[in-house]
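As written, the chain order gives the labels A, B, C and D, with residue 1 at the start of each chain.
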Amino acid sequence: MSKARVEAFSDGVIAVAITLLVCNLHVPDPSRSVSLAHRLGEQWPSYAAYIVSFLTIGIIWINHHAMLQRLVSVDHAILVLNLLLLLTIGALPFTTALMATYLKAAHGQHLAAVIYGGSFLALSIAFFAMHRHMLLSKQHLLHEHLTPTVRRQVLTRNAAGLLPYLVATLGGILTPYLTLAICGLVAIFYAPPRRDESGGA
Amino acid sequence: MSKARVEAFSDGVIAVAITLLVCNLHVPDPSRSVSLAHRLGEQWPSYAAYIVSFLTIGIIWINHHAMLQRLVSVDHAILVLNLLLLLTIGALPFTTALMATYLKAAHGQHLAAVIYGGSFLALSIAFFAMHRHMLLSKQHLLHEHLTPTVRRQVLTRNAAGLLPYLVATLGGILTPYLTLAICGLVAIFYAPPRRDESGGA
Amino acid sequence: MSKARVEAFSDGVIAVAITLLVCNLHVPDPSRSVSLAHRLGEQWPSYAAYIVSFLTIGIIWINHHAMLQRLVSVDHAILVLNLLLLLTIGALPFTTALMATYLKAAHGQHLAAVIYGGSFLALSIAFFAMHRHMLLSKQHLLHEHLTPTVRRQVLTRNAAGLLPYLVATLGGILTPYLTLAICGLVAIFYAPPRRDESGGA
Amino acid sequence: MSKARVEAFSDGVIAVAITLLVCNLHVPDPSRSVSLAHRLGEQWPSYAAYIVSFLTIGIIWINHHAMLQRLVSVDHAILVLNLLLLLTIGALPFTTALMATYLKAAHGQHLAAVIYGGSFLALSIAFFAMHRHMLLSKQHLLHEHLTPTVRRQVLTRNAAGLLPYLVATLGGILTPYLTLAICGLVAIFYAPPRRDESGGA
């Protein structure tokens, strides 16, 4: 099966998920007497969560592209692993809304943060599982032969990408701000130009 | 007419439908005093229906891809049958929301389950109708010549795929949990690697 | 400018618009005591409008594809006309929701029907304007040379496609059911296989 | 990294954002006794903002296409700048809804207009930043060699495109109608055929 339609479908799902994030930004009711500036200011967790989730999904898309570029073609197992990855991406507008709604709440904020961090962790695990399956079990579908050393390096770097999200998830138990901060820092960390253009998650 | 734009449009509709499913996951109101964990726990039918519908649409996409790969080009009749198939896919976010909302309700749960199972059944029938039309009436548009025996085999296997959804639909009369369970099992059944990569619905 | 990205963008907008129609199907509140069957039955205008609009957008997509196939490449004027066409398509989820909400209402139903029919009329006019511009002013961008007679035939057939929507729009003054019926009949009329695969709107 | 998937993803995000604008058009509640005509008439800011934002996003798409056509391939920095550009586009359905809701409000209308104009300004700045980076720092990725004079001309013209949005943003302090009018005029100004098809923002 050709790669092109997998890329097109994945691009579609990721593009819709990233754009649906905007639905979590709510226009304050104009009939209330509180000033608009005050009410928009109160909503800062929504904007912060929007930006963090948008950048994270965007970086996942860049990495997804790089991962699929390794492949000549795809088989059923890769399609199913890709579908599970898309499922975790598709759920992010919900976990983002949960985080934004509860960040400043008096209760539920820890659980919301754990779920938010956990959704990024699940996404990274799904990404890692797909990458690992490709590199270890589907070498005949790869463009270039990778030595066991190179494969191990790529996967180790990929697995290391899970760590910050694990910390972000657990950090939610302390304070949801820690979760948001770590997720934001990860997004910012991956944004600058890198020497290794084909790099992992 | 070339296949490429049909694939692009179908990918688009399927990608939007699968991603819109997340709109059925609702963030509990933080001003209420019930704990967030309890309220998210209460919503488990939404998560279950999300996962079942997401995987089902994803597998339909894989099968749709495989089906279109048989074709060299498309004609008006195939476009219209494809449109009817997309119509049934496009309705799934609604039937999924109906199922999730009514699964635990005191009344309406049987009808909601019948409609949920029925929407998957309608989807499978539309898929079968398109596949059948291609194999029996549009042989000149197919990549490879298929003997009548092979065509019958493919269509029989395809028709067999309708059965579980018929049972799931009727099962809703007994209990909606049966419908959800069967639809979930079908999705799980189609996920593992298969020997026949070009297989039907 | 190449055609490919215009097709991709148009496919994207049309795919999102057609799939967003499902957002107009509302799950009845389970806490009310009226039976689900009764409440879903009451919503039949929503289902009817969903199907009519879905099929109409789908047929527009097919015709849009056929129209763009005439072109070798596109210029700025064609892009802008295409954008206006997409604007009318993008508004359909709103006019469809308006029609569905007001079809059985005691007042406002005539205006809603006129707006619904009028939105299809506007769509057809935008389609016609783009097609006319291509055929009359951008012959150097067309794949094949069309004689003035052929061009006139194509445009006349295209213009004739405006008539039913004009009648549907005006018919809303009498009764909204007439508007819905005509729009539905147009969609059904264009669905069956046609001899001329390259046909207009 | 090839350009094709960047275009596909950008097209996807822009197509979803432009189509999500329709979600800001609300169907009036039919149970209220005020006439539908009156209530739809009251909503004219929503329609005006819909059209202005739709055309602006459409023109950005056209310019985005022209900008990417300069490139042979993309690198990580371009991908990240493109992601920031998409972030500003993805936020437009929110700022458009804000503008439409507050245009006629007794308070908050100035801030809403500044945010609306500011979101277009941010979009233009992101566009300019990406274009500037491409022309000044990534000449090895461009299709054709551009002399420093040509590059300066393109960027100057591009920077000039920021001015109307700066005026529109500041104009919101006077009256939100000025902001809407300027944004609308910019969209109309860019719509007619231009001599320079490869032109900037």
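Going forward, a residue touches a chain if its C-beta (ideal position, glycine included) is under 8 Å from a C-beta of that chain, and two chains touch if they have at least 3 such contacts.
Computed from a prediction, not measured in an experiment: that's the story for all the values here.
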Most distant chain from subunit D, judged by the mean position of its C-alpha atoms: B
Copies subunit A and subunit B touch via same or different residues, half shared test: different
Chain centre separation in whole Å, for subunit C relative to subunit A (CA means): 36
Interchain centroid distance [CA atoms averaged], subunit B/subunit C, Å: 26
Subunit C residues counted as touching two or more neighbouring chains: 8, 12, 15-16, 20, 23
Residues of subunit A that touch subunit B when the two form their complex: 1, 5, 8-9, 12-13, 15-17, 20, 23, 75-77, 79-80, 83, 86-87, 90-91, 93-94, 97-98, 101-102, 105, 107-108, 111-112, 115
Subunit B partner contacts - residues on subunit C that touch it in the complex: 7-8, 11-12, 14-16, 18-23, 25, 27-28, 30, 35-37, 40, 50-51, 54-55, 58-59, 61-62, 65-66, 69, 191-194, 197
